[in-house]
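The two complexes that follow have chain A in common; it is paired with chain B in the first and with chain C in the second.
Presenting the complex of A and B:
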């Protein structure tokens, strides 16, 4: 993130020399980042403390100061302390960790379901749409299911336009509405793949013969990049994922255009 | 030097060990560690506040992530 040098610039794709996470676009990813910061707090304390003890030991007991080393083999009190204290630290780490883990499994009522199928070496997206008449117009819900499907191949380097990202752009992006609960069902048609988009905090294995489910709620419109995350052959590094979150109106327009 | 003398060290070493307090060293280490951790935590809270401000402004319509088409 560059907010300490420039005005805030949201990162939804990898940056050169990047150190931290991409900026979160979903509550799940924000939770993951917060958990990381919480754990890193304890990691810093432990690192600094251990370094201090190490350096002070070297300082006090350097060979020229202390040619004859101690031969201490027991220290019951300190052994108890350095067993109990890490356990307490682990408990403090476990609390937010389990909170996040269980929050990921919360059931939400998705507005749309998207099936993602991994192939060697591209992704297929199938969008299942439910058109519900509101209760205002009828006493019961009617639903009419339609689906649209398309493939998403990486744009080769020689076909890139100025400003496009190498090894990340695709010919057809997955368009989803922002601020909407989306259910992702991920599977594969051949070998193992993994559908991963760091900015959305999602990484889900695509297993042949199995349907894995994940849910996504994108909080801001934007374009989010990801890559296949399970070795799947020679072009494993060349089957990226691009998710574009748009307003609901734009999404409806996109769907209408696709269905025509 | 006898075995016992070897274990105890020279008088100078014994005097030096008497000056060094393990509890104090642990205390100083923890203090510095917690201070560094606190710096990190403040950074974390600042980051979270900026994110919340961003989304609040987005909800209020003051900012947008959509580039206007020219």
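Presenting the complex of A and C:
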């Protein structure tokens, strides 16, 4: 009972009139949000200062108050100050920024690889999962012809059920195990697309002929929504992405159900 | 803790957005029995499944020959390594299955099918 009183409702899909980010579900997205807050702090300081200077100038030195403007050309001290202080501010911004950037390059061997192929105008997901299936499902067929692959089309507005999100729901969701290092391989079969899920902090172009690699580690179970982020034709706005993170046992069960 | 986990799993199973319709029916029963199987140390004879841990799941590892974002060369190299292994050791050799796993993990099905067709026609551009 108390679970409901103190549980949180995560925002993993866009909201009307939303101002901030969606709630982070990966360390990457949390890093992006933290960096944004760091930079925003300095941005506010600079904004207030510049506005103050501007308003002061307008108030004290407008034409009827001050018809003859000053002709100051030099001021060594102030010029040094207004060069050094911004450099220091930039340093404070750069440090967390580079920390996040280099943390992206850290390499962890993934547990599963999921291939995402963009088409006009839907996504195909392929999963190659190598589990000791003799524990679980003894007839796992390892030939070329049988891989776990499925298409994911948007559910059109007329087919939506109550409570579903318009332009965001798909018929088949990409099911992913939570708390697992997942390697996403993103490519396209025709034109440029982009696989983006804001709550996971991932946006990666789907380029024909390239296999773009991106790494995801989803920290909590849930359903995460995203949309195609590279103009790809008439229905570019109508090929969304839904990722559902589940526990490892649920995931293995889903895979074995799909393979049957 | 156990009660909370069971309730969360039931809520997931009852969610209307499952991929397979059958999963919703199967999941509550199988999860309940899986939990019961885990708590006592002995295995129940009717329940053949053990729980899968993260160590059981493998895929193509990070390869330092291909540190870049574009893994197309990685996929192509693994595909060629598999066929090189097959060429050297013969079809169906168990040493080659690891390469098969790697290229199947990385390469989209369409690419593999296209290369297999090219291979049959003698038009494949790779070395093996």
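Please note the rule applied: the second predicted complex is superposed on the first by the 234 of 260 C-alpha atoms of A that agree within 3 Å, B and C clash if a C-alpha of one lies under 4 Å from a C-alpha of the other, contacts with A are read in each partner's own complex, and residues count from 1 in each chain.
Assume contacts are C-beta pairs under 8 Å (C-beta built on N, C-alpha and C of every residue); 3 or more make two chains touch, one makes a residue touch a chain.
Just so you know, these numbers come straight off a predicted model, no measurement behind them.
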Touching A:41 in the superposition: chain B (first), chain C (second), both, neither?
first
Please name the chain, chain B or chain C, that touches the greater number of residues in chain A.
C
Quick one: classify A:212 as touching chain B (first), chain C (second), both or neither.
second
So in the superposed three-chain picture, is A:253 touching just chain B, just chain C, both, or none of them (first/second/both/neither)?
second
Does the superposition put A:221 against chain B (first), chain C (second), both, or neither?
both
Touch check for A:113: first (chain B), second (chain C), both, or neither?
second
Touching both chain B and chain C, residues of chain A
3, 221, 247
Could you list, by residue number, the parts of chain C that touch chain A in their complex?
4, 7-9, 12, 16-17, 19-20, 22-23, 26-27, 30-31, 34, 49-54, 56-62, 69-72, 74-75, 97, 100-101, 104-110, 112-113, 116
Chain C partner, complex, touching residues on chain A are 3, 107-113, 115, 117, 126, 128-132, 135-136, 142, 144, 147, 149-150, 161, 172-173, 175, 180, 183, 185, 187, 189, 209-214, 221, 223, 244, 246-250, 252-254, 257-258
Provide the residue numbers of chain B that touch chain A in the complex, in ascending order.
6-7, 9-10, 13, 16-17, 20, 22, 25-26, 28-30, 32-34, 36-37, 40-41, 44, 47-48, 50-51, 54-55, 58, 64-66
Which residues, counting only chain A, touch chain B once they are in their complex?
1, 3, 8, 10, 24, 30, 34, 37-38, 40-42, 44-49, 52-53, 56, 60, 65-68, 70-71, 78, 219-222, 247
